[in-house]
Structures are given as structure tokens and as C-alpha cells.
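First chain written, first letter: the chains are A, B, C, D, E and F, and each begins at residue 1.
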Amino acid sequence: MHRLVPEKLVTVITTDVLEQRLVALVRRRGASGYTLLRARGAGSDGLQSGNLEIDTNLLLKVILPPDRMSGLLDDLNALIGQGYHLTVFVSDVAVLNHEKFERPMTT
Amino acid sequence: MHRLVPEKLVTVITTDVLEQRLVALVRRRGASGYTLLRARGAGSDGLQSGNLEIDTNLLLKVILPPDRMSGLLDDLNALIGQGYHLTVFVSDVAVLNHEKFERPMTT
Amino acid sequence: MHRLVPEKLVTVITTDVLEQRLVALVRRRGASGYTLLRARGAGSDGLQSGNLEIDTNLLLKVILPPDRMSGLLDDLNALIGQGYHLTVFVSDVAVLNHEKFERPMTT
Amino acid sequence: MSAFSNLLIPAVLFFALGFVARLIKSDLRFPPDLAKILSIYLLVSIGLHGGVELAKADLGEAVAAVVWALLLGLLLPIIGFGLLLATRRVGPLDAAAIAAHYGSVSAGTFLTAIAFLGSQGIEYERYPLIMLAIMESPAIVVGLLLASWSRGRIAKTAPERGTPRADHGNGHLGDILREAFTNGSVVLLIGSMLIGAIANPKAMESLHPFTTDIFMGMLCLFLLEMGLEAGRRFADFRRVGWALVTFGLAMPLIGGAIGVLVGDLMLGFSVGGTTLVGVLGASASYIAVPPAMRLAVPEANPSFYLTLSLGVTFPFNVVVGIPIYHQLAQMLAGGA
Amino acid sequence: MSAFSNLLIPAVLFFALGFVARLIKSDLRFPPDLAKILSIYLLVSIGLHGGVELAKADLGEAVAAVVWALLLGLLLPIIGFGLLLATRRVGPLDAAAIAAHYGSVSAGTFLTAIAFLGSQGIEYERYPLIMLAIMESPAIVVGLLLASWSRGRIAKTAPERGTPRADHGNGHLGDILREAFTNGSVVLLIGSMLIGAIANPKAMESLHPFTTDIFMGMLCLFLLEMGLEAGRRFADFRRVGWALVTFGLAMPLIGGAIGVLVGDLMLGFSVGGTTLVGVLGASASYIAVPPAMRLAVPEANPSFYLTLSLGVTFPFNVVVGIPIYHQLAQMLAGGA
Amino acid sequence: MSAFSNLLIPAVLFFALGFVARLIKSDLRFPPDLAKILSIYLLVSIGLHGGVELAKADLGEAVAAVVWALLLGLLLPIIGFGLLLATRRVGPLDAAAIAAHYGSVSAGTFLTAIAFLGSQGIEYERYPLIMLAIMESPAIVVGLLLASWSRGRIAKTAPERGTPRADHGNGHLGDILREAFTNGSVVLLIGSMLIGAIANPKAMESLHPFTTDIFMGMLCLFLLEMGLEAGRRFADFRRVGWALVTFGLAMPLIGGAIGVLVGDLMLGFSVGGTTLVGVLGASASYIAVPPAMRLAVPEANPSFYLTLSLGVTFPFNVVVGIPIYHQLAQMLAGGA
């Protein structure tokens, strides 16, 4: 049997202009890694057609232990408070190799 | 503490030929936005290698309040009934900035 | 009313060098299909910037009935045991057109 | 002889390289957008060339070419539909979707034929370029009509299943006709043609290095990718069955023969031009028609039409078809 | 007359093709990276050209051009800001973000102007190429200062809301200034210019086919895509409202007139060079400024500045603006 | 002198631009597919050139070049492996994976060397082009054998951990050897070479503008992106540690010296050709070997081999290595 261990998956969707800033937050909060996908879409910020350097979205996925998640959500909330357009949601997942998500990135 | 509010996330995977039609449905059903990712894969429809204009998939994500979700699922069901190949699934998520998902897109 | 039927969604994030091998596993385990997204990110394996042929990730999504999922997780565990860097997680989803996920791919 | 020299054209060799790479299971692959970028480049370049020629064209001859392009686009899918139903291997909706592809044209095959003629120093008329742009839309329309008719027939046999489909068919027909004429590649090709026809000739010359000098190299890369795709699809031929594969080989021969007859007898073209009309008749679309069918005939299985068009007919035409149509053209038009 | 001949430049015709394709709701679309690739190519090519010229430039004239570029980049956003506040349709933060775009430059418009001059055989000075590279950064800086000032004013009126914003504004100001000068397109343009200036001239010649011969074709593809984007944004003009659309038409005329005055009176350029300085004044950035504003003025609505810059001002300049600035330049500089 | 003039080659300057852009933390970035597209273009172009030369080659000399390419590809990883184990900073599996890179070749470095020779008007033999295509596969095979041997040793020391790995090693060995010879870039390079050798020479001429005229520009863009990547990886050098960084600087000097000796003494090449064989010896793969190692030696840490190959050895070779190998070649072959 596999030991599937519950974890939290935080997903953020926003303009890719924020990439460096989001990755810095994720590192600071001690995530073991992160995944970025290129996205497009629309929302209160208008259309993000994904065709130009200036209107492409990114979708960020971070799995992290619940205790570190809270700090990350604080940071994201602060960005929203500053006026940035972020779609943020949390899902419950069960991970296969549980220990790896405990070790913060070294670079 | 963050008020994480439960919402529904609807995911649709299908050929990107349907993009305009799916986006129109999502708008009509009053979603506050939507996100599109480029995808490839395989299924009953055969291989979608993603290399040609004619065999690329898209993955659509829409978060919307449960009452509007039902109508969207009706529409998607109707497309499946017409013969279109759609993979549709719903997940439970908890969103950070809850109010934004209540406001339908203005364009 | 829609009959939304619960299924399992397995997500794998790893280097795209493993694509052929992962797709073979998914086929062998009788999934009805699979979806691939191009990704980048970072983890214990270092940075995967997505800019070069040699440092791009993929994100694989497979919905499959719980009984077949277990075998797939075994295979993925074996890969991890061999030293491959895989991020694997399972989520609960509810699918719209339930029967389609029972039929293994024919090619 | 001429078949052999065809094989030594770089474009054809690159196609073969892609095909072989897939057969030996190489991990060679193109980034997903490269084929799309090359295809945009090719459509714009041939559009501009066609337009420059159009501007110099004789009106009567141009009209005749357009009319025959329309007729070929209408006639070939109907022949294809009949043959497919005769195989009894596919239902009428699959038959309609497949048939539509054969009324339309493959730009890659057409350009390979131009490289083939060029490498042998054979002259050709420019009207086939205009015909190329015309032939996408009628084939789509005929495909839709055949699908609509098939749905009606299915509805009669099994009324409980047919009703929603017929309804749907009517509901979006306007949309779908619009789609046939505003299809991206049709707009790109016809738009570029208009630009080539009306733009300042001196400014057009400044485009020459882009549209002409590097053209062959871009075509080689495109055919390399098409070889990869054909190799991938070719592996599926067992799944589509021998009857359909036979159709995928016979239909281009029929279309090619009809094309050659039209080019010589109806349009009075030279051997080169007649060969090109043969290629227009023989080749099957893999750009404009597949998405149109996916949208309008969702009941049809894309594996069938993509495997036949990309995995069977395309390699057949590129490797052996073109020299055959050229031979036919020579027998007919060369005697004149 | 000259306006009409502008319309027959292939680059402008391709822009129109993209625009029309969107209006007729064609599904024509470019792969998402093609615009980015073309934009990198164009920036590198004009950078190299500019650098080769820079190496030959008269130091005094080059310094004057740089100084006037800086002044234009500082002055125009302030004028724009005032006009926008006068419309009373947008708040000061939106006004700041929009105004910054008009102090900067659209490389696509500039290159279309060069194609326009080339098609008429009009000579031009090369200094505007240097000015183009200079004008991105000051406009960003002014935009940020205007936004900062606006936040201060908002904080006074509604102190409870303003505090966190002002804080934020200070907190990242250093970052944002750095961003203004290390912005990807600024680095690419200025870097290529330096390379063009210092590289071995013989080696530079080997780049000629790439940077010059195929340039017009690449520009045509780029403008085709920009036409598609402009068409997409144009549809939003109703949402931004007539007052703002009027601004998007008036501001380029004002900026163009100022630019023409600067080019003729201050820099003493010929008709061609003066036209180009007019275009620098008239055009609005759609590469470097939007991401800078998104990062630094998140409170501003991107729909406003993207619609105005891409959907209103860009098409206006490409189709009617350039001939107008040329006419103005002719009236002023042509008389000399 | 010659080192300085190397720095004024546009290709090298663009590399430096990318590198500097990353150091100043510019947000300049290429769309993810552009590097892949440029790399396909470069491989096809050099393959075609190599093939045209191959067709004219003297059989004896070509065979000697191929044999020495194989020997270099086998020898260099073994030297590298020994040196790496001697540093005591990495385990044997990491050492095997890193070493494999140094038996193979960096096409970007090789092309920069060609631009360097071209800019100084130095002639060179074409056989190194063939050697370039040959050298990917043997290095992969040696890397796998070294890894397999290391696993055996580890299994002896810690039998409970070793068993599954040794098993795995055997299980996929056939697959992995196949992979070494069907690797995408190997197929592309050797396939293009064959096409260049057998294609109709007149048709090959029509490819000239594509494969030759615009080549330098494409190379500049490619090196710009490689500069960005090298800059990104360079930042990791602290993590890999000084011992490994020293290896990344010493190994190209050793490989370069061996290459120069082979080029002059064994193959009797001119200064130009000898320089190129030096570059083949000195450079480390960043296309074919990394994915092969990731697949076959998953236990090795990719950060090590990517940082060394892209972040240390590549910039070293491009900026200072090439002039050094040229100097060495001149001392040896120039005297003859």
C-alpha cells in the first residue's frame, strides 16, 4: 500500500509580470519547490489573451505543509491588498512522497 | 486568519477548436473569469499531439458559485450529447478573495 | 440533475524526458486517456527553467477508476525508487460523463 | 526516372527524414508552435506570390480557373463520399467528414510539387495558386451538406437518436458557413493574395528575400515536421483498416487524374500547370478542413480523417503521387 | 495622396488584414510566441542598425538627440496626465498609467514610418533610432512619479485607504527604477545598439541578410499580428468610453506635432528625420511600459491603457497618423 | 590580440549581452520555444553544409576523422571521470553523468569558433563538421558504462541499496543504447548531412539564402539566449563548489589540448581545422547528453552537469577558450 499523505496545494493565477515576486515569496515561505504553467484567460483585470508579452498569465502551483501555507496566504493577501489581481485557491491533495515537501529549496 | 471560502472549480479538457464556444458559455453563465491552458493528450477521440493547429487541446478552468455551476454543467452535457469529446470534472476548492467570483465579467 | 460521479485524478510533475515512459505506464494501467501540460518550476532537482530542451517539465493528469489507480501509483513509486524526481499527488474529483473513464485507450 | 529525381529534392528528403525518425522511434520533435509558424509563413508567401501574378492575370483565364476550382471542390467530396460508403467500413457521418478533406488541398503537397517542377526546370502557370486559395471553402460546405443529409437519413432509421442532431445541424448552419469562409488559413491566403495584387510593386520587391529567397529552407523545415506527423499517424493505419487505407491511396489517384484532365482539357495549361491542377485534385487538406469538421461534425472520429489525410495520402502524394501526376500531365498536355 | 500611398505599403496592408480578420470574426490566430519572437527580431535588427549609425555619428548631434528624447519622454506624460484628468473619466492612478505610455514609443509604428519613407524614397537621419531606445525609461519614471503623487493626494482625501499604498510605493521604488532601466526590451535595444557600434564592421556585414534583407517580411508578419491584437482591443472601445477614445486620437496628434517641432526647430532634421521624431512623439508604447505599470501601479486598470495604446492609438498612427506627421514635417522642414 | 578580436565578433557580443542582462537582473527573456527553434535551424544548416562537403570528401581522410571523433568521444569522458573522482566532491554516478558531457560537443561553441575563424579570414577543413555529428553518441555510451560500473561498486559497498539500481541498469540498457543513437539532435544532424550529400546540387543552391546568408543572425540570437541561460546557471556556481568549477575550467583546456594534438598530428589539418578539433575536444554538450543522462542516470543531480556545462565551460570556451585553442593550433600546425 502507498502511504498517501494529505497536503495542501495552493494555486495562484495572475499576470506573469509578477513571476519573480511570487517565486520569491514561495522560496521565503520554505516550499520544497513550485510549478509554473503558462496561462491566459479573463477576469476583472480584462482579457489576458496570452499573445503579447504584456497580456500573458501564469498559473503557479505550490504544495506545502499546512503550517507554511498560512504565511504564504498572508503574503498573497497583502499583494491583493496592494491592488494586484490574483486568483488564489487551495485544494486538498494526497501526496505520494511525503517527505520531499518538507525540505525547503536550497537555491 | 484568512477566510477561505469553499467554491467549485470546473475543469474542461477538449480540442481547442471549441474555445470560442466554451468561453461564450462561461460568460453566459455569469462566471467572474476563466483560465485557459494549452494541453495535449489522448482519449477516445484519438491522439491530440499538440503539434498541429488541428490536434491541440485546451484545458479550461472556471471557478464559480455552486448555483451558477449547475447551468454550466447543463451546457457542457448538451455539447457531449451532440457528440463533442469533453472531459469534465468538478473539484472542491477554497478561495481566498471570495467576493470576486460573484461578479460576472463585464466584457 | 447531473450525475457527478467521484473519481481519482492523479497528477505527476517531472522532467519531460520521461514523457514516453509515463505515457506507456498510463496506457498499461488501462486509463481512458491522459492530458499533458508543459510546465517549468524548481524542486530538489534544481531549476527547470523551461527554456531549453533539457530543462522543461511536464505535468500529467490522469483520471482513472480507483482500482486502476493503485497500480499506477506502484509504477510511479518504482520510478521514484530508481532515483527519478517525481512530484505525485492525488485529488478527488467528480466527473460528468462517468462511463468514458472506464474504457481503456485503444491505441 | 522522374520519380527518382523527385526523391532527391531536399524538401522530399526532409519529409523522409521526419518519417524515418519516427519509425526508428527517435525522440526528435519540434516545439509545438514551429509547425504553426512555418505554416503561416508559407501561406503568406504563396499568397503574396499568387497576388502578384493575379495582378498580371488575364481576367477570362482567372475566372475559368476559379470556376474549375469551385467545381473540383464540390465534385471530389461527392465522389469520395460514394467510395467511402461503398467500403462499408465507416458510417455516413465519418464518410462525410473524410470526403470533405479530399475536396480541399494540401498546401505542403502543392509546394513540394512546385519544388519538383522547379528542380526540373519546368515552367507552370500561376493560376493554380489562385485555385489553391479557392478550394478550401467549397469542400467544407459540401462536407457539411453531406453530413446534414446523413443525419437526416440516420434520423429516419432511428428517430429517437436523430432528433437532437438534426436540430443542432440547423441551429448552427449559418455559423458553420461563415466559418468555412472566415477560416484562418483561407483569410491568410486570400488576404495575402489581395495584398500582393494591390501593394506598391517596388515595396513588394523589398519583400523578395523574405518570401522567395528563404522559402525553400522554410519549406524543408515544414516538411520535416510533416514527416514526423505523418510517421506518427502512419502507425495508426492498422487501426483504420485496409479498406480505408486503400481509399487513402486510390482517392488521390482519382482526384489527380480528374485534376490533370481539368488542367489540360478545360484550362489548357502547360505540362507544369496541368501537373499542379492534378496535385490540387489529388491532395487532401490538413489545415482548414479538420477543424471545420471537428466543429461541425463532432460525431465523426478525427482519427479516421487525420490518419488518412496526414498518414496515408500526404506521404503518398509527396513521394510517388507528384511524379505520377506529372507523367499523366506529360502524356496529355505534352502531346499538344 | 501621400495618405493613400501609405495604405499600399505591404506592412500597413498586413496590419489591415489582421484588423479585418478580427472584425469578420475569423479564427485566424498566431501561436502565442510568434509575436514575441518577431518583436525580439525587430528590436535586435533596429538596434544593430542604430549602432552602426551611432558609430559614425557626430557626437554633438547625438547628444542633442538624446537630450531631446529625454525631454520628450518627460514632457509628454505630463501633458497626457493633465488631459486625462480633465476628461474626469479616470482616476489619477489610471491617468498616470495611461500617460506613461504616451511618453514612450511604439517600435511597430516607428518601423512602419520607416517603411513609409522608404517606399517614397525619402531620406532620413539615423538619430531617431537612438532616440527610440532612450525614450522607454524616462516615460516609465515619470509615470511612477505621477502615480506616487496621486497616491499621496488620495491618501490625504481618504487617509484610511491611502496608507498602505503610499507605504508600498516607497518600499519598492528602488526596484521599480531599476526595472525601468533593465526592462527587457530596453536592454535588448540598447545592447544591440552597442554591439552594432563596436563590432567588427566586416562581421557586421555578414549579418546584413538577416537584419536587413528579410526585415520587411518580418515586419509584415509582426504588423499582421498587431492588427489582430488591435482588432481584439478595438472591440473594447465602447467599454473605455468616448472621452478616452478621443484622448487616444488627440494625444498622438499633440505628441506628433510637438515631435515635429522638436525634429525641425531643435534638431534641424530633414523632412524624413522630422517625420520620425513626430512619430516618436505620437506613438504609445505597448512593450516596455505596460508591464512596468502593471507591476508598479497595480491599482490602474490594464484594460484602459491596453485598449488605448493598442486598440486606438496604434491603428490611428499606422493608418492616418504617419502621413499626417509627414505632411506637417514637409510644411515645416520642407520649406527650409 | 586574437583574444580581443574574438570579443568583437557579434555572436560573442550577443552572448555577453545575454549574460550581462542576467547579471543586472533584467527581465529580458526569450519565449520558451525560441531556443529550440534556433537550435533546430542551426543543426539543419550545419548538417547540410557538412553533407555537401562530405560528398566531396576524400574517403580516407573522412574515415580517419570519424575514427578520431569516436576515440575522442570515448577517451575524454574517462579522463573527466578520473578527475572528478579525484576532487572527492561528487559520487561516482554524478561523476559519470558530468564526464559524459565532456566527451560530447557543444554546437554553439563550435559555430562561434567558425565565426571566429571567418572573422579572421582563416581557412579550415570541413571534416570537423562530420566529427561534430559523430561525437554525441559515444560519449553517451561511455557515460552509461561508467554509471553502470559505479552502480556495481556501490552495490558491493552497500548491497541492500544497490540491488534495485543494478537491476534497473541492465533492464533498460538496450533502450538506452538505442536512445544514444536515435537522439533527436543526432538524427537531425546526421540526417541533414545525408541530405546535403545526396540531394540534387542545384536544388541545394536554392537553400543557400536560408542555410548560409541568414546563418550568422540566427547564431547571434541563439547565443543571446545561451548567454541568458549561462548567466542564470552561473549564479549557481557557488552551490556546485569551487572544486567542480575548477574542473569546469580545467577540463576544456585538457580536452582542447588533446583535440589540437589530434587535429595536427593525427589528422594533419591546417591551423583552422586544428583549432576546430580543439574546440570539439574542449566543449561540453548541452543538447543530446543531458536528457540521456537524466533518463539513464536519474541518481545524478542535473544541477551539477547543467551548471558546469552551461554556466562554466560554455562561457569559458566562447570568450577565452577559442582564442587559446587557436593559439595552440598556431604554435603546432602553424609551424609546419
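Some points to look at:
In this section, a residue touches a chain if its C-beta (ideal position, glycine included) is under 8 Å from a C-beta of that chain, and two chains touch if they have at least 3 such contacts.
If you want to know which protein each chain is, UniProt gives these names: A, B, C = Nitrogen regulatory protein P-II; D, E, F = Sodium-dependent bicarbonate transport family permease.
Note that the structure is predicted; figures quoted are calculated from it, not measured.
With steps allowed only between chains in touch, the distance from subunit A over to subunit E comes to 1. Averaging Cα atoms per chain gives one point for each, and the point farthest from that of subunit A is the centre of D.
Compared with subunit E, the chain whose C-alpha mean position is the greatest distance off is C. When the interfaces B-D and A-B are ranked by how many C-beta pairs touch across them, A-B comes first.
Note: centroid distance subunit A to subunit C, computed from Cα atoms, is 20 Å. Remark: subunit D and subunit F have CA centroids separated by 41 Å (rounded to whole angstrom). In terms of their C-alpha centroids, the spacing between subunit C and subunit F amounts to 34 Å.
Centre-to-centre separation between subunit B and subunit E, using Cα means, comes to 37 Å. With touch defined as above, residues shared between interfaces to two or more other chains in subunit C number as follows: 37-38, 40, 46-47, 50, 91-92, 107.
Contacts with at least two other chains are made by residues 27, 29-30, 32-33, 36-37, 184, 209, 213-214, 236, 291, 303 of subunit F. Across the complex, subunit D meets subunit B through its residues 29-30, 32, 35-36, 39, 164-165, 168, 184, 225, 228-229, 232, 236, 286-287, 290-291, 294-295, 298-299, 301-303, 306. Subunit A meets subunit C in the complex at residues 2, 4, 7, 9, 23, 32-38, 61, 63, 91-97, 100, 103, 105, 107.
Within the complex formed with subunit D, the subunit B residues making contact are 15, 17-18, 38, 40, 45-47, 49-56, 81-85. Residue ranges on subunit E touching subunit F, taken from their complex, read 32-33, 36-37, 40-41, 44, 48, 178-179, 182-185, 187-188, 191-192, 195, 198-200, 202-204, 206-207, 209-211, 213-214, 291.
By the touch rule above, subunit C contacts subunit A in their complex via residues 11, 13, 37-44, 46-47, 50, 57, 59, 70, 73-74, 76-77, 80, 86-92.
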